[in-house]
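Next come two complexes built around chain A: one with chain B, the other with chain C.
Showing the complex of A and B:
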């Protein structure tokens, strides 16, 4: 186990941004935290990295880590090469050669000032810096936001390849397809709490969609024009003889986050 | 990291340094015009000048190099700029990184303690260096033009300026650490400087608050020097503590 978070709480005034969450990230695993805006994902990552002080709970980190923030802010007045040089000095086991190779692949001019780079370019620059640090845990907050689909897939492949060397990744994303592609386990957060966690395949196989006119035990996904309701129901709670449809991860996420649970 | 810190402050450092250096050059050039000025002032009604604290003795002494440099450079131009110089060098030190959210990049890779030390001491050392050059420059100039200068008094002024700089630098850094943008620490520091100067100037019991009377007189007396140095230490401690505990 590389990271263990237990009963973590963080308050902003009286509002609980993170409300007693707990999870573990294993060695060589990609663990994704999902959730709507304001769910507490970034606060969780910031508490783990020490950027924000937790109010209570435990964070056990067994190894080195690096962090890619949600806002990929770099020094606008510095040139790309100067940023790379800065990482050479302060980065964690920073591999300059690897970083320069990534920058060359994406044709980022080393003499260009950061302020002149597009949002996507700046994201690639920050990613190239972070992914060139040799650490045990990569904490990535929305790593592919603003990237075009081709670059996004390449970056996801790169992130996946980190686990081949025994590295672990903890990351957040809004793109469910991306999470499905690379995450081993997920946790869905809402209003500071983890409302669902587990292996992706297990989660998908444990839920089904049921169309019914009657109220069912489960999460209401949508109401059809016919008046029938579509419920996301745990398979073991589905009554016998009812027709079940496979739920996609998107269905599960949407129904659970919306949270209109009907307990009959 | 020190190179990056210098890059961050080089514009305001060089602008302030050359502005003050230029002021000194101008002051030296203006020295030749003091006899003419003295003649002109003789035509001004006596009572008016006395109200401003300008006596005939003062006007006559201005033509002496030592008196002229001590009163006009240390006791006026450089002295007046010392707190301003410290404030300008210190206000963005943390606030800019916090405002631009680049502080995250540094904090993930350095301990808060180390980062505080680098960010606090790099601009402070450069400010001290600039002030040392500016405070000592009259010595070689006096030697070149063959004039006498009270070097003992010059070094006294240097120490007083260092103490004042340290005080205002640490006060401003404290505001910089607790702010989320660059404007607040600048306004807060200037307001504090103005407020303490006015209070110290008008209320006799609070005269210690007026750091200008200390830096312009160059009077290295024990109590004000100790109070200002200790206040600087307190603000450094508070800044460090705030930096260690605040959320980013």
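Showing the complex of A and C:
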């Protein structure tokens, strides 16, 4: 276990941005936190990295970490080369050669000023720095922000390859398709709480969709023109003989986040 | 060894890997005693996580489809082809039930089956 978070709370004024969450990240694992905007994902990462002071709870980190923030700002008036030099000094076990290789692959000019880079280029620059550090845990907040699909897939492959060396990854995203490709386990956050967590493959196989005229024990996915309703139901709770439609992760996410639950 | 993984399918990824490997064995493309790719190589080639391939292999070992050669990797066991066939038949049964519900007459299903099998013999 590389990271353990227990009953973490963080208030902004009276509002709980993070409201008593807990999870663990194992060695060699990719753990994704997802959820709608304002769910508390970024605040959670900031509490773990120490950028925000937690109000209560426990955070146990067994190893070194690095952090890619949500806002890929960097120093706008420095040149790319100057930023790389800076990381050479302050980065954790920074591998400059590796960083320069990534920049070259994506044709980022070392003499260019950060401010002149596009959003996507800035994300790549920041990723090239963070991924060239040699640490135990990579904490990445929206690592594929602004990237085109091809580059995004390459970056996802790169992130995955970190685990081949026993590294762990904790990251946030609101792109479900991306999470499905890369996460071993997920936690879905809403309003500061974790509303569903588990192994992604297990989550997928434990839910099904049932169309019903009556109210069912489950989450409402949608109401049909006929007035019938489509419910997301745990397969264990579906009586035999009832027809089950497959639920995609998107269905599960949507129904659970919307959270219109019917308990008979 | 390569096959497509459908990441958006409701079918778990490790299940997809298991199924594809079983089909490769049934069709004779993977033979008894043959090595399958290492967990890492298959993970890289398919673009899936190590843990996912490890889980698929672990379950295939438990089901007697693969076996571990210490320090070398995984090989195809002396597989009980009959067992895998029975699983496939169960799936076929479900599909045929769907067809029945959809009102497809038996004759048409038999015709499709015949076409497929004859095409095979050619």
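Quick note on the criterion: the second predicted complex is superposed on the first by the 264 of 264 C-alpha atoms of A that agree within 3 Å, B and C clash if a C-alpha of one lies under 4 Å from a C-alpha of the other, contacts with A are read in each partner's own complex, and residues count from 1 in each chain.
We adopt the following convention: contacts are C-beta pairs under 8 Å (C-beta built on N, C-alpha and C of every residue); 3 or more make two chains touch, one makes a residue touch a chain.
In this text, all values refer to a predicted model and were calculated from it rather than measured experimentally.
In the superposed model on chain A, is it clash or fit for chain B and chain C?
fit
So after the superposition, what angle do chain B and chain C open up at chain A's Cα centre, nearest 10 degrees?
Rounded to the nearest ten degrees, it is 160.
Look at A:50 in the shared chain and tell me whether it touches chain B only, chain C only, both, or neither; answer first, second, both or neither.
After superposition on chain A, A:50 lies in contact with chain B alone.
One more residue to check, A:20. First (chain B), second (chain C), both or neither?
Neither partner.
Just to be sure I read the superposition right, which of the two partners does A:184 touch: chain B = first, chain C = second, or both, or neither?
The answer is second: A:184 touches chain C but not chain B.
Looking at the overlay, does A:247 come into contact with chain B only (first), chain C only (second), both, or neither?
Only chain C; A:247 stays clear of chain B.
Touching A:146, do we find chain B (first), chain C (second), both, or neither?
Neither partner.
Please state the minimum Cα-Cα separation between chain B and chain C in the superposed model, rounded to the nearest whole Å.
Across the overlay, chain B reaches chain C at a minimum of 28 Å between C-alpha atoms.
Tell me, which parts of chain A touch chain B in their complex?
Where chain A meets chain B, its residues are 46, 49-53, 65-67, 69, 71, 73-78, 82, 86, 89-92.
Using the touch definition from the top, list the residues of chain B that touch chain A in their complex.
1, 4, 7, 100-102, 104-110, 245, 247-248
With touch defined as at the start, can you tell me which chain A residues reach chain C in the complex?
28-30, 153, 156-157, 160-161, 163-164, 177, 180-184, 201-202, 204-205, 246-250
Applying the document's contact rule, which stretches of chain C touch chain A when the two form their complex?
Contacts found on chain C: 7-15, 40, 43-44, 47, 49-52, 55.
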